[in-house]
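Look at the two complexes coming up: chain A is in both, with chain B in one and chain C in the other.
Let's look at the complex of A and B:
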């Protein structure tokens, strides 16, 4: 352990090589791919809702990256098409997520457009799915004796409704649902969009096998 | 003192620095390193093919999209019209437009087509038609769907011109631009109301039967519409998920135009637990039997354009084959044997499939396969679901999404029986 200089040079070289391949080159590629045509910037309410999404840590259980048909049946689940880099152009920081404890939310606005459903589900997921392990978010809602004009009342089954009065959504809940309703990446992905094509070969082989079997 | 400083030769030297003699790296390590390098390079080359294949697929799709969106200046050719007729019309009207006695009016040498010409044909293709109609002195009373959501202006012009000139020997033609005008004018209009509905459209129309007086609207119609569009204190509205026009989205199904008896059975199945879906289980808990019938009739009578587009990258040709012919190598019968020509649905047991959301169809097929949906008569769908591969499910779902939606049939409406109501009022 007395040849410090060569050791230091070698470790720095390895580190900068990894940074180049894993950070700098991908960063340049993503910069080149730009915004997906068809993607709209967030509205003010959606941006506020996104901040709520980030602050609640939704990404610890929900990803925002549907996969290709060859990789996973995300399309059949209604989770939408595989995403491309340009779909995240307005997301800083992105909320890709790696855990799928809950379903992917990249196209939740397309799959479940109902504001009423989302509010009930945020207030008490067990009111809809008895087996759900998602936490309830009662602090996004307020208990009132009577709804004021303009209040959005949460629809609840008798078992979960308060004995008197109503549950109304606070601004944070409304913003979060507006953000979720806007999660709709249903436009055609750009042909040049940066994406993972690693499974196309497998899909083509599978397709050929199926065709060969069918023709037998 | 000197003797004391002298180290005992039996103890190790405290100033000793351990070191290793340079030794040769064993040969197996070289072999493993070389093998890993070769494997890595092979993988890189292999995966680069994958990217090339994906690029090629995208380029092909892109070319298709460009071809479909390029406005065609030239008039559509008769050959194109013939091919489109065979794809879209012949399954009901026959290959030569001969029709089916008592069921489907002829298009070949038909008096209505002759009187109306290509323009009237375009109007009917665009909006669809349903109700009593007399063609060549024969009575018909069927439903034809609107093709507006699945055919573009050029295709409709080609079909209308083919029917007018080749099948009826007329000189009248329409251009894609005229079709576009008719499309704008007919947006959001209901299908033509049988032969009497065409009276204002076609001069010299042969005598037509009077339009059936629509059934008196149920006294609860307004309440049902409110339930469907606004929900109650406990439940969300139907429209908030299924769409204002009942067209569905992703795994939420299209409801518009499905047979009311089928819709009512599904709602009862949700209630009894023989069909499972958390959101629907929640909703049906607070629906009465009368409300179920009223809602089934509400959506059964709804005509709306298709909200579905192929989106699962399914092989449309393969999907068409499964739907029309089945795949007997896998013991899969044709979808349309039971679900009717072009998937328009048959009776109470076989729902319409045309224009259904592709993710919904693929998801349900997977659920039949896995057994989490098991409410089909005789377990028919379970067997079919098990035989279809993942790619087949996507192919058939995408093909069905490319079809025009079946027309709503008001005659299928369910009656709210007096006993159901009394039982509920007595509660």
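Let's look at the complex of A and C:
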């Protein structure tokens, strides 16, 4: 190769082609599939809590995308049904995640609806699960001598409770818990919901092959 | 959703287009429709009479006067890029090590939100990608491009300006992340307002390269040049499209996210590493690469296939089936460019193993080149649905990412720094033995790191797939492997500190040799 311009044009054309296939066409298809019926926009408090979730980087250990039963036992673990594109219509930035150092949170509001549990767990995860490696978030809470009216006091086992006074939740902690409590995608998915059905298709094919073998 | 005929057609179309393009290229080469680069072109990086002697500071190849002044034109900008790159390497390594420790000592640093795992790990990633490897890679580009084009660097002041703006951007970016201001997408955390500075910085790097390319004194563009010139166009395009605020939403944003993130690896860091290795391996050994025409297939196949692999990060997720399958297929096709590069680089080294003993830079670069092959093969296999279902949400992925971004790209760049700096400054490294220590610390450290996460990740994935085991099992079994990762990461960080010590000591040492670019008599 000896000329710069053809090299530059062809390189950019190839990337444009990839952008068309990986971003633009899927974007149009996802747009067309619309919002899942049953999905509600975030309330103001939930949106604030989601911002706390994003800012603390919860994404780096928690996914929000339960898998299909043909692939993994996410449903059996109580993480909820396999999600579809329409379930994320109000999400920006998306928080699908690529790690499960901790469990999937797409339906944490179903699984752990208690505000008290969530607050204790955020203040000190090891107060609830000794094996947990989740960070503690003490800075989302305040240490006071006495709770003021309207304060939400965090219940703590003696080993993690302060010697005197109480631990109360700051607004960020309350918002974050409101967001987590709202993570419930228990409505029925749309019939034409968009998701990777590769594993279901593979399982169906396997099933057919087995049936064909059995009938021989 | 079932695969509709339209989408199936689209999927097939993309694959066929890529395959046809590759076939057309091979046909064109076979029938001499295009000028096929041959072994004479491969020798364009050497001067007449440049023999097979080792290119070490003690025994330098001579450059004729035609190239005199070339290195001098780029030395300043290159040294700035290297210095800033190494600063971010240290900064990023410390954050990476801290994040690693937090995963098995969760209460160690929980006093402040700045130091929580989610931010520490993100500062690590952004420091090492945008601060370290991008800048060290740019240093290699600005060193190599004038040399292969036999002409001094043009618009050098603009490179310095770009370096200044870029570093302010990276610094502001990691500061924002530590304080909780983030765009919230993996690899795209730096707020878009700050990204404007990075985009301006990137533009300041592109213009001098185009100017130097247009002023080149050789007809042929050496293979490293293809990778570099394409890479510096790909990165700004990716970066700008991905950061336009308000454009991306929901699951579309997720596909865009992984289109971007994997292309930063495939179309930016990989061209930096492969291009650098393509120059220094033959240059240090003093022999042209093994099969130059294969490199053309390798380059275009990389562009065609690598650009479409990103959605394998969303296998089993809420994205269209055809899209996932498309990325899986292209991930497998990556064997083509990777084998092409492997044939060229590894055979050249394997025929000259003596040189590995003689040249520390070559040892770093060859080790990195081998890891490119390994990381790519691993990546292709990892994209298979059956494998991915085990490894997807686990530490295995982190091990793989470091095999590519660290053991391949960073090792090649370490070698490049050790090769470039004495020639750019006219000074020897004051502590040559520390270079060997650096090599062994990072190699051993990385081995501990990689095998810990790979084994731990597989066990973690299998435990999560086993419905009879509680989720807690997957966390508990992982802990010793996370400790292993911290040990490996600690050794790697120690190696990086040795590099920094050598560089700082060199900066304060007296000049001991003339710049290689000045006319010199060939080594006797």
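Here, the second predicted complex is superposed on the first by the 203 of 216 C-alpha atoms of A that agree within 3 Å, B and C clash if a C-alpha of one lies under 4 Å from a C-alpha of the other, contacts with A are read in each partner's own complex, and residues count from 1 in each chain.
Basically, a contact is a pair of C-beta atoms (placed from the backbone, for glycine too) under 8 Å apart; a residue touches a chain by one contact, two chains touch by 3 or more.
Fair warning: this is a prediction, and the values are worked out from it, not measured in the lab.
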{"item": "Residue contacts with chain A in the superposition, chain B compared against chain C", "value": "C"}
{"item": "Touching partner for A:95 - first (chain B), second (chain C), both, neither", "value": "second"}
{"item": "Which superposed partner A:156 touches (first chain B, second chain C, both, neither)", "value": "first"}
{"item": "Which of chain B and chain C A:129 touches, first, second, both or neither", "value": "both"}
{"item": "Partner chain in contact with A:81 - chain B first, chain C second, else both or neither", "value": "first"}
{"item": "First (chain B), second (chain C), both or neither touched by A:164", "value": "neither"}
{"item": "Touching partner for A:201 - first (chain B), second (chain C), both, neither", "value": "both"}
{"item": "A:117 touches, of chain B and chain C: first, second, both or neither?", "value": "first"}
{"item": "Chain B versus chain C as contact partner of A:27, first or second or both or neither", "value": "second"}
{"item": "Chain B/chain C common contact set on chain A", "value": "73, 76-77, 129, 197-199, 201-202"}
{"item": "Chain B-touching residues of chain A, taken from the complex the two chains share", "value": "69, 73, 75-78, 80-81, 107, 110-117, 120, 127-129, 153, 155-158, 161, 186, 188, 191, 197-202, 204, 206-207, 210, 213-214, 216"}
{"item": "Partner chain A, residues of chain B touching it in the complex", "value": "46-47, 49-51, 53-55, 57-59, 61-62, 65, 231-237, 240-241, 243, 249-252, 278-279, 282, 285-286, 311-313, 315, 318, 327, 329, 359-360, 362-363, 366, 389-394, 397"}
{"item": "Chain A residues touching chain C - in the complex, by the definition given at the top", "value": "1-4, 7-8, 10-12, 14-15, 17-19, 21-23, 25-27, 29-31, 54-61, 63, 65, 67-68, 71-73, 76-77, 82-85, 87-103, 125-126, 129, 131-139, 192-199, 201-202"}
{"item": "Residue numbers on chain C that touch chain A, as the complex places them", "value": "1-3, 7, 10, 14, 17, 35, 37, 102-104, 106-107, 110-113, 116-119, 121-122, 180-186, 210, 213-214, 219-221, 226, 229-230, 233-234, 237-238, 241, 248-257, 259, 263, 267, 296, 303-304, 307-308, 310-311, 313-321, 323-327, 385, 389, 392-395, 397, 464-467, 471-472, 474-476, 478-479, 482"}
